[in-house]
Amino acid sequence: MIATTLYLIVYSISLLMLVSLGLAIIFGMMKVINLAHGEFMMLGAYTCVLCVNAGAPLWLSFAAAALAVGLFGIVVERLIIRFLYGRIVDTLLATWGLSLFLVGLVTTVFGPQAWSISARFGNVSFGGMNFSAYTFVLIAISIGMVVVTWLIARFTTVGLIVRGTMQDATVASGLGVNRNLVYMGTFGYGAALAGLAGAVLVPITGASPSLGLFFVAKAFINVIIGGHLPLIGTIAASSLFGTIDGFVSYVWSSVVGEVSVLIVAVILLRLLPLGITGRLRSGL
Amino acid sequence: MIPEFSATAARPPKAWWWSVIALIALAMVMLPYYVDIALQLDLSIIFVFALLALSMGFLWGYAGILSFGQTIFFGLGGYAYAVLALNTGMTGLPFLGALLIPVAFSALLGYFMIYGRISDIYLSVTTLVVTLIFEKSIRSTSGPEYVIGSVRLNGQNGIPGVPGLTLPWLDGAPLSIEGVFYLTAGAMLLVYVALRLLLTTRFGRVIVGIRENERRMELLGYDTRLYKLGAFVLAGGIAALSGVLYALWGNFVAPEMFNLNQAAQVVIWVIVGGRSTLIGPIFGTGIVQYTSNWLGTVGVGQVTLVLGIVLMVFVLVFPRGLLPTIGDAFGYVRRRVAGRGATR
Amino acid sequence: MTVEPILSTTALEKRFGGVRAVAGVDFSLQPGELRCLIGPNGAGKSTFFKMISGQLKPTSGEIRIAGHDMLNAEAYQIARSGIGIKNQVPDVMNGLSVRENLWLAAASRHRGAAIGRSVDRITERLALTAILDRLVGELAHGQRQWVEIGMVIVCEPRIVLLDEPAAGMSDEETVLTAELIREINKDMTIVVVEHDMQFIRRIARTVTVFHQGRILIEDSFDKIAADPTVREVYLGRSGGT
Amino acid sequence: MTLSRRQFFRTASGAVAFASSYGVLARAGLAQGNPIKVANILDATGGLNIYCLKQIKATAMAIDEINKAGGLFGRPVELIFYDSQSNNQFNSQYATQAFVRDKVDVLIGGVTSSSREVMRPIVQRFKGFYVYNALYEGGVCDRRHMCPGLVPAQQVAPLVDYVVNEKGLKKGYILAADYNYGQITAKWMQKFIREKGGEDVAVEFFPLDVTNFAPVISRIQSAKPDVVWSALVGDAHMSFFRQYQATVGKDNIPLAATTYGLGRENATLTPEENEGIMIATSFIDALPTEAAKSFVERFKAFSGEDEYVGEYAEYGYRGTMLWAEIVKKANSVAPDDVMAAVDGVTFDGAGGRYTMDGQTNHVIMDVHIAVGNREGSFDLLKSFSQQPPADTQAVCNLFENPNDTKQYEPEL
């Protein structure tokens, strides 16, 4: 009972981190709310399915999804986002348009049905309960994503440059940093994380045009409540909501779980209008 | 500059404006004699949605409050009317009651957000989250235990068979399609005129001042939060009216009234028409609704694909919306012409 | 005979994180005074103004306006109690015309036809007629300062706080501003923050010097100008701007 | 016309292409007299289109075949399609437009119960006739409406009979989508399971956008039922079958479902996920009859899509053909004449014989128990012949109350 609850909570937290980290990075670093985040995930999911169907191993398909969506993100940044920096509402609206467009496009190309892949991971049992072995893979990838992002930001030159530019773009460009490249790269990285998240979800949800819709509201709320620091915010908000959702959904029902998450979100917004990390000045 | 915006906004409308309004009103009265009821039905829903767009456009363009959740009051209005009318068997009082309930809720929500000094973008998000909460909660009421009075809330499926408005001088028969057309057209026109006149009043000017510089207005001695709350409640009331009319138009209410898609559509209408005018949201609604209606019968495949492109193009190319852009173009041509005249 | 001060603060303090921007200020203003506040950048003058006008909540201390405790009052309540402020950076409604800006200011004090009359009066007094229908955002910096001063005095406050009213103005405009300040001082109590010593010489009777969040000294202009400590902390450092 | 209709399909894959059926006929000189007009309002776009895209084409194929056979009493049939975009507002608008502007003789379409309830009053207002091609919760009692799809009692009774009696899986755990269909179907499941001597250990409902089923899968494992009953619906709920297979597995606790296959889930899940799910249906592609084989072949040729066809496509064809049979019997296309001629009309279709029950305007039909296989399809296990829509019959009698228009909720 306790083990099951714990497992469900950890799984819930990991799912939330997985689907919201890319969005959080783009929001925290660039002050862009990417409403097409869910559709970036969906593109990742389709990339993964196409690769697996073409005979690639699953892990390679994950990598391909991250890469493809990352590149797509860079294209989007160049064609749309870069004209809208500093106009937070307009970026939100433009990416909303992009999201509708991508749903329509993918439905036209791949049809409305969900696509699946054959991935056998089997199950793990303890205490008389079976748990899907793949969920542990998902938990590991989700944690890995956070750790790798932290390592990049903290210990690499690239991370330093990006953090510097986001703090003060003029100073950074005075130091010879190419600002465009930094924005492009950051957006691309956020998109790549979304693509990876979508791919990782395929064995659980399949790939369908509506994949993004199922997750974007959750990711969005998670990021807003997390506040402007992408890593700490994502971890904190995911832990909070994951715990509530995992526990309440198990003890009561999925509906009560979802509604309680939303209500807690509204109350938190009233108490901490800038999110959990709103008052922290520095950090990641 | 569009006359409604900025400098001359506070001036009372001129005679030509009143004549245009009168002409439009006359056209509305005559229309049912010339067009079939299918077109009247299409136009009615555009008017209903135009009210919803006006509620958002007014709040955004004039009070500077970007609410993504006007669908909260739209849905609440529709549901309140359905539940009250089906329970009481009356329609007039439920109509009024259905306006009061969302207005009261908007006062509560507005108080919570505005007096809590929630920052701009977070206010937008909060309204969006609240509308999603309503959608999810209503969706999960399909069990027989969710009854208000004698009315099943019916969850996902919504409430069908919502009674039409009966008027005492029409022998108690529910409004016909023509009647609904007159009702929606009249409501839209009245709200438009009322908002336009409101902008010339002290209240109207003050909220525009707050949009421009809230801190300065406070330092001048205005209780800006009270004014903002007033604007929010007013917009909530307009959205509620739109919701009640929607229920009267289609004789059904459903949780979709609250959903993300509906909320998105409101934003698209306002953006396309022009966010800093009152007439813009009305036109935006007309154009977008007519287009999706038409696309649905010609079969372009995915309608969302087209709407997505429309939204992106407007944000990138015509960020101020259709009408202000046309207004600018006009102004440019006029200046060019005038300029040439002057050099001659 | 001691008159009750129209404005007084006791041990007023404001901390930002670990920094004490204002570190215990006891300040007192008699009705009808024209006081100047000077001090180097970061001395806490603007923060002090913002606390009095309700834009910032003090960390501790006391603010009294005409004897009433205003520490926890909202900005609009303070404004209604008779305090008008012109902020350091022009703080106006850029998207509206000069007329609308003045109208909004006047309407906070008057009702009905009186609004129009007081807008007309201030327009004439500040010679704004020519730019009345232009958007404030399109005006030059100096003109915007004047519009803001107009907005403050059209509300007929008891106390006017002016944060650098002459900044960005031409010499001619500066002279006019000084004259205007002396004139409105006939009806209103005024506190001015300024860096321009020539300007201060023109208007000031009593000068208060801020330094590191405290009041360093308070005296007549000539005494202050001659004081070696003031020269060191203020004139010495910022080169007598 | 250089582009054949079928090519047009593949390129446009949109729906309005079907409206050209009549145009083709007219050019071929077949059309004489005024065409009979058929409106089809379905969701080609939006979240509901997984149920609609095949049905749109199947309806077009039915009209095409009717025209090729010379139309209805010599008049050609024209199909007008409207994409309601998964939005009831458009159902309302297009239904009115169909009657008022396009002056159609019959309205076919609507996939959800809510879209049907939006359109039925409009059909009443314009005194039209309406064919609702879907599996739904039952209880609609309206002479202007006919439904050729399955209703819960019709479907659940045979499935429970097979699972509880023949397989001996007594202890059931019920999962259903949280809306009217799911709520009512779950009740019928409980009723029949108890009647057959089984036990329902729990009933749970899920909003249609739930994708994470880990909590309920844990609860199922604690409850240790013999079988899990599913009335889950839609795209998101497909995740359940994936997650279930990855944890519990159908070898440990089998699955029986009423709605599985309607959205062609069998064709999109993996072989191991599909294998072993027991369903009750009125049509599967693999029915070993000539009629079924021929239907599947014709549909694939007509649509140019070589995929699993499924029950909802067959509903579209079945509904249109049944209506055509009624029109032939009435010898008139006027809605009032059609209404009067409903009772007893039969059509031998791909799923067996369909007989119109005039008491309810629902259909008496064969119900097939099938099980998912590794080929993304189903194997037939057993057929129950000519099952009546018993739940709706219990509450609705159009012979006695011809003016009834209500939807009843069966008391259990």
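Letters A, B, C and D mark the chains as written, and numbering starts fresh at 1 in each.
Assume contacts are C-beta pairs under 8 Å (C-beta built on N, C-alpha and C of every residue); 3 or more make two chains touch, one makes a residue touch a chain.
Treat the numbers as computed from the prediction; the structure is a model and nothing was measured.
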Target chain C, source chain A, minimum contact steps: 2
Chains contacting each of chain B and chain D, listed by label: A
B-C compared against A-B, more contacting pairs: A-B
Chain C-chain D separation of Cα centroids, rounded to whole Å: 76
CA centroid of chain B to CA centroid of chain C, Å: 43
Chain A and chain B, separation of their C-alpha mean positions in angstrom: 33
Chain centre separation in whole Å, for chain D relative to chain A (CA means): 37
Set of chain B residues in contact with two or more other chains: 136, 140, 301-304
Residues within chain D bordering two or more other chains: 13, 45, 178, 205, 207
Residues of chain A engaged with two or more neighbouring chains: 104, 107-108, 213, 255, 258
Touch relationships between chains, expressed as pairs: A-B, A-D, B-C, B-D
Parts of chain B lying in touch with chain D, wherever the complex brings them together: 36-39, 41-42, 45, 136, 139-140, 142-144, 154-158, 160-161, 177, 249-252, 254, 256, 261, 292-293, 295-304
Touch list for chain A against partner chain D, complex: 4, 7-8, 11-12, 15, 104, 107-108, 111-118, 120-123, 128-135, 203-206, 208, 210, 213-215, 246, 249-250, 253-255, 257-258
Complex interface listing, chain D residues touching chain A: 13, 45, 47, 49-50, 53, 178, 204-207, 209-212, 214-216, 218-219, 221-222, 235-236, 238-239, 242-243, 246-249, 252, 263-264, 267-273
Residues of chain D defined as touching chain B within the complex: 12-17, 44-46, 81-85, 87-90, 92-94, 96-97, 99-101, 112-114, 117-118, 120-121, 178-180, 182-183, 205, 207-208, 409
Residue ranges of chain C touching chain B (in the complex, touch as defined): 53-55, 74-76, 79-80, 84-85, 87, 91-97, 100, 103-105, 107-109, 133, 135, 151, 155
